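Presented below is the structure to which this report refers.
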Amino acid sequence: MDQLIQQLINGLSVGATYALIALGYTMVYGILRLINFAHGEVYMVGAVSSYYLAEWSMGWTHSLWVSLPIVVVGSMVTCAILGFLIEFLAYRPLRDRPRLVVLISAIGVSLLLQNLAQFQAIFGPTPKRFPELIQSTPVLYNAAHTIVLTNLDILSLGLSLGLMVIMTWVVLGTKTGLALRAVSFRFDISMLMGINTGKIISFTFMFGSALAAVAGTIDAIRYDVRPLMGLMPGLKAFVAAVLGGIGSIPGAVVGGLLMGLSETLVKGYLPSAYTGYADAVAFVVLIVILLVRPTGLFGRVAPEKV
Amino acid sequence: MALLEISNLSVVFGGLKALCDFDLSLEQGELVGLIGPNGAGKTTTFNIVTGVYRPAAGGVRLGGRSIAGLNPYQINHRGIARTFQNIRLFAGMSVLDNVLVGFNQSLRHGFVGTVLRTPRHQREDKRNQDRAMELLAKLGLDDRAMETAHNLPYGDQRRLEIARALATNPKILLLDEPAAGMNPQEKIELAAMIEMIRTQFRVGIWLIEHDMKLVMSICQRITVLDHGQTIAVGTPDQVRADPRVCEAYLGEPT
Amino acid sequence: MKRIAFIVLLVLAFGLTPMACKQKSGQRDNSTGDILIGEYGSMTGPTATFGQSSHEGLMLAIEQINAEGGVLGRKIKIISEDDQSKADEAVNAVQKLINRDGVVAIIGEVASKRSLAAGSVCQKYKIPMLSPASTNPEVTKTGDYIFRTCFTDDFQGKVNGQFALRRGWKNVAILTDVNNDYSKGLAHFFREVYGKSGNIVADESYREGDKDFKAQLTKIKGTNPDAVFLPGYYTDVGLILRQARVLGLNVPFFGGDGWDSPDTLTLGDVVNGCFYSNHYSPEDPRPEVQAFLKAYQAKYNKTPDAMATLGYDAARVMADAIKRAGKADPKAIRDALAQTRDFAGASGIITIDAERNAKKPAVILEIRDGKTHLVDTILDTGT
Amino acid sequence: MNVNMTPFRRLPTLPVWVINSALTAILVGLWPLGRALEQNLNPYYLQILILVGINIMLAVSLNLVNGITGQFSLGHAGFMAVGAYTAGVLLRHYQPEGGAIVPAMLGVLILGGLLAAAAGLIVGIPTLRLQGDYLAIATLGFGEIINVVIINTESVGPFYVGGSAGLHGIPIYANFFWTFGAALFCVVCVWRLAYSNKGKAFAAIREDEIAAGAMGVNTTYYKVAAFVIGAFFAGVAGGVSATWFGNLDPESFRFMRSIEIVAMVVLGGSGSITGAIVAAILLTWLPEQLRAVQEWRLVIYALVLILMMIFRPAGLLGNRELWPVPGRRKPAPPATSDPDSRQRMMAEG
């Protein structure tokens, strides 16, 4: 029983990363119907920049409360700028082109970032441990120490839920959000209605990239930083977004958490011989979801064909 | 029994009855109209008959056999072809290729024959090409055969859609607002062309059209729909005289 | 029309120019000028860490050798090719090194599956290949031109099995990387030895690139092992140990030379009391070891990991073989490589046996307070 | 007679028997040509040439699915893996020799293709209900599943598969003849399917699936057919590569490989068969040329992809071919394989 609870905590903690990345996917996909293949790499850049920011800031301050905001805000700004540049340089010129073309361009960006990060002068291929800013320490545990909840588990879960609320507010409660919804609903018409669609799209990319930076920072602290760290989480987060219903903000979070849970439970409870298949779980889930309920859990229900 | 028999056809969208107890019969060589205000359920009717949507209740029978619930391509094989309200040509393909796709279902050779270019494949390819050119000639599009479909003027695109539908060798042809966007001169030509198709290809034509003049001048019978309900059936004169039709089109008489 | 001309030009420019000036394979004159040695490795891709590390060690060795005047009065020139951590690319790279650059010998790869892929090419063209770190027993079975200067999986797996038995651990859990044949190989031979009298209570796996291991660790913790065998690379060891300690899994972990890296030593408390088998101990007073550590520190400003040490030794063994061969000829170099006896490398005293594998004792190191301490030396696994 | 009005006129084409015998002659001629090349060409360039042949097969077969039928698949490397492992495992197990080599090669290549086609059928029937990006991501997922399965499979019955260590010691029987013979077969098949009356249905589905259905085209059948035929040739290409390299690494069939093939299709021009061939040659040659710039190699490759898409988004050839095709004399505008017209409307104001 204790083990099950621990595995559920493990699963939610892994899922929180997927959820944070999926939020960015869902925003960009919701508005442009584009799989931003480079999104996983933005997450990686978020981790790399927070690594450097932490090194730099801890060089002159020992206060967590000075360092942490610099790291988080700094990497969010870096990634927002990166997201803006990616959209502006690699996607915007292709706005009226078939999706396949945009996808190839996105893949190009993704390859570019991966390989630049592998340069020794930029980051290098070797995983680097995050400077000791926050240690992962158990904060809640039972007497036998069989159930452990760490500060970082709480932080990542709290952040993904908190950001979900903030995003929902941005989309539903602000003027920008209204424009965003309009653009996502009918791109062509909203342009005629005087919405600066270019600006809205830039905003979406910057916002989504900043979210990826948050995920990158948390994972950098929890795990470590490596140039290829964006590959699998990027794919799995996309699956999470589809699972939750792409375009839906709570869907991305729920999808991410479910993905984390299912992976963890497979690893934790299947006989050893089959735990190697855990990576396939994400994709089996994806295919089943797409076939049974293509709109995902929270997706808008398509007009029913009677 | 008539060639196309529709009885008690109903369809529901999210609790809303988009079509209710629709009846129609259509004979070979007949030309029947379907009119009604916007949103009356006209195109929905076409979509059900051609298999795009599935009916909630009611039957569609072609030549005595039920076709309700079949796939669009199966219904086309049984002998119903259609055009679309918003033109849906194979825009990037040539005019000729558009028509050739219509002949696709008549091909008797398989993929192996295609790859080996067997004599039968060659015969069929050549025959279809000749038939396609013949068809295009009848509709006055033969000199545009090699043009890309989306480069055609609007009226020609409408005609190409009809030619493509005729290529599938239908018994019944469903035309969804063929005159939309045409000028009066083109409409006169269209009326003549529909008449020509009806007699030369010996098909039953079922027509959705907003242009009253056109409908009244060529249709033998007319059904009027409003909010999914059939409000009038009859000859053009009968329909024109029906007070409920006037009401539907002009609003409540005051 | 312009477009077609453009394409034809492109094709000509890219495709046909070098085709036209074709040269026959390996007919470069090797008797004068620099001695060309090819190196292929994973400079990019998932295992770039190890490829680059090995490359650094190798370049240090070559630099030293050239500074001392080279071999046979000539300088050694390394031509380095990246294989992106892909087996097919490794074949392309080696083809290029042999047939376009005309190298006399090849050093590479760190990963066994790529050494196996490219090894058959080297064997075909009879160019000696010396792998610094490919541990799969199959690698040198490719042919008589393929050598290695590292342990084999069976040796190191058995060493660890024996060690676990000597420590008196009754219950051991195993955590392997399914994507990594090194890890799987070590686990396989560990089971063979340890499984005879010990009790394997859990046999879990993860996949290269995974970062969260809590699911497996929670499961392992539930089986109450005395120790955990973790035959992975140090890139994962740190993550796994830190997560294990947070979950309260406080038993010793032990593994192979994949652990050897400054990164492992700086892990702090979590790694205290853990063990790994290695080629040498940094405390070893032998001059080869101390000189290497100093030179590496001076050049790269960091402590070497196992890959760097192995790359360094591979280059030195190769240079030594060329010296003994007396000429830069592939066949002569091969014969000299096969004759390598008691070569004093940084990673131990290397003797190439009849199967073209390096024979050298393994040491077991214990990590305590950021330092390694020699606890055992095992040469013969006795099985 | 109006000179400007040039209605349909059949292009002068050679009789089919002439073409068929010419193709057979070329196929037979590949044998001595291959022998001559193998003896005289630098093995490094021969290696690249063979890779070109394998990539042509992959790009052209994927073009049938992605470019011509407009179904966005990202699982091509998965099908390639099925064919590669079939051929590799069987040849390694039975080690045919002497006179048995030719029938064995023919057998394993075809069997590999058929098993890949079967996988295509199993994957295709459910997933082809999906559209656009969803299909792409589902096929990508399928490729990853195949990879995970191979990694976790040491052996099947008496056959050794190798698991994550890869499969080694496959006899090297593939050569120039097998590679380009298979490539020729693949190109001819896809070409004839695409440019026949029957094959018009593939393009019709790309252009407008609903209209194609209403015109009597069994869209599911044709989509699955394109998928299965594409998978077949991917399997054959995998088989050739397995017995050319002599070893298989499960990692080389992951989605990055699929993406490389998609890049060839898009770079050549979606729908253009000769374009796919040109792109396959270019994208095989380019990385080898770039070895000179060492670590900048993949950075430049990535930049080429991005710049190519921005400045030549329709690919090298658009959807044209290098030479005129019967019944397609006037070039069509760049095909927009996108069923969602909304994307097209997204031009910046």
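Order of writing sets the chain letters: A, B, C and D. Residues in each chain are counted from 1.
Everything below uses one rule, namely that contacts are C-beta pairs under 8 Å (C-beta built on N, C-alpha and C of every residue); 3 or more make two chains touch, one makes a residue touch a chain.
Computed from a predicted structure; not experimentally measured.
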Chains in contact with subunit C and also with subunit D, listed by label, are A
Once you count every C-beta pair in contact for both, which comes out on top, A-D or A-C?
-> A-D
Calculate how many whole Å lie between the centre of subunit B and the centre of subunit C, each centre taken as the average of the chain's C-alpha atoms.
-> 71
Provide the C-alpha centroid distance between subunit A and subunit D, rounded to the nearest whole angstrom.
-> 33
So how far apart, in whole Å, are subunit A and subunit B when each is placed at the average of its C-alpha atoms?
-> 49
What whole-number Å value describes the gap between the mean CA coordinates of subunit A and subunit C?
-> 35
Check each residue of subunit C and list the ones that touch at least two other chains.
-> 44, 178, 207
Junction residues of subunit A, two or more chains touched | 115, 118, 276, 279
Shared-interface residues of subunit D (touching two or more other chains) are 151-152, 295, 298, 335-336
Subunit A partner, complex, touching residues on subunit C are 44-46, 48-49, 51-53, 178, 202-205, 207, 209, 211-212, 214-216, 218-219, 221-222, 235, 238-239, 242-243, 246-248, 263, 266
Report the residues of subunit C in contact with subunit D in the complex, numbered from low to high.
-> 3-4, 7, 10-11, 14-15, 18-19, 22-25, 43-44, 80-82, 84-88, 91-93, 95-96, 98-100, 112-114, 116-117, 120, 125, 136, 138, 178-181, 184-185, 207
Complex interface listing, subunit D residues touching subunit C | 40-45, 47-48, 51, 151-152, 163-166, 168, 172, 241, 245-249, 251-252, 278, 281-282, 285-286, 288-289, 291, 294-295, 297-298, 316-317, 322
Along subunit A, where are the residues that touch subunit D in the complex?
-> 32-33, 35, 89-90, 92-105, 107-109, 111-112, 115-116, 118-119, 186-188, 191, 197-198, 235, 238-239, 242, 274, 276-277, 279-280, 282-284, 286-287, 290-291, 294
Provide the residue numbers of subunit D that touch subunit A in the complex, in ascending order.
-> 66, 72, 126-127, 129-130, 132-134, 136-138, 140-142, 144-145, 148-149, 151-152, 255, 259, 262-263, 266-267, 270, 295, 298-299, 301-306, 309-310, 313, 335-338, 340, 342-349
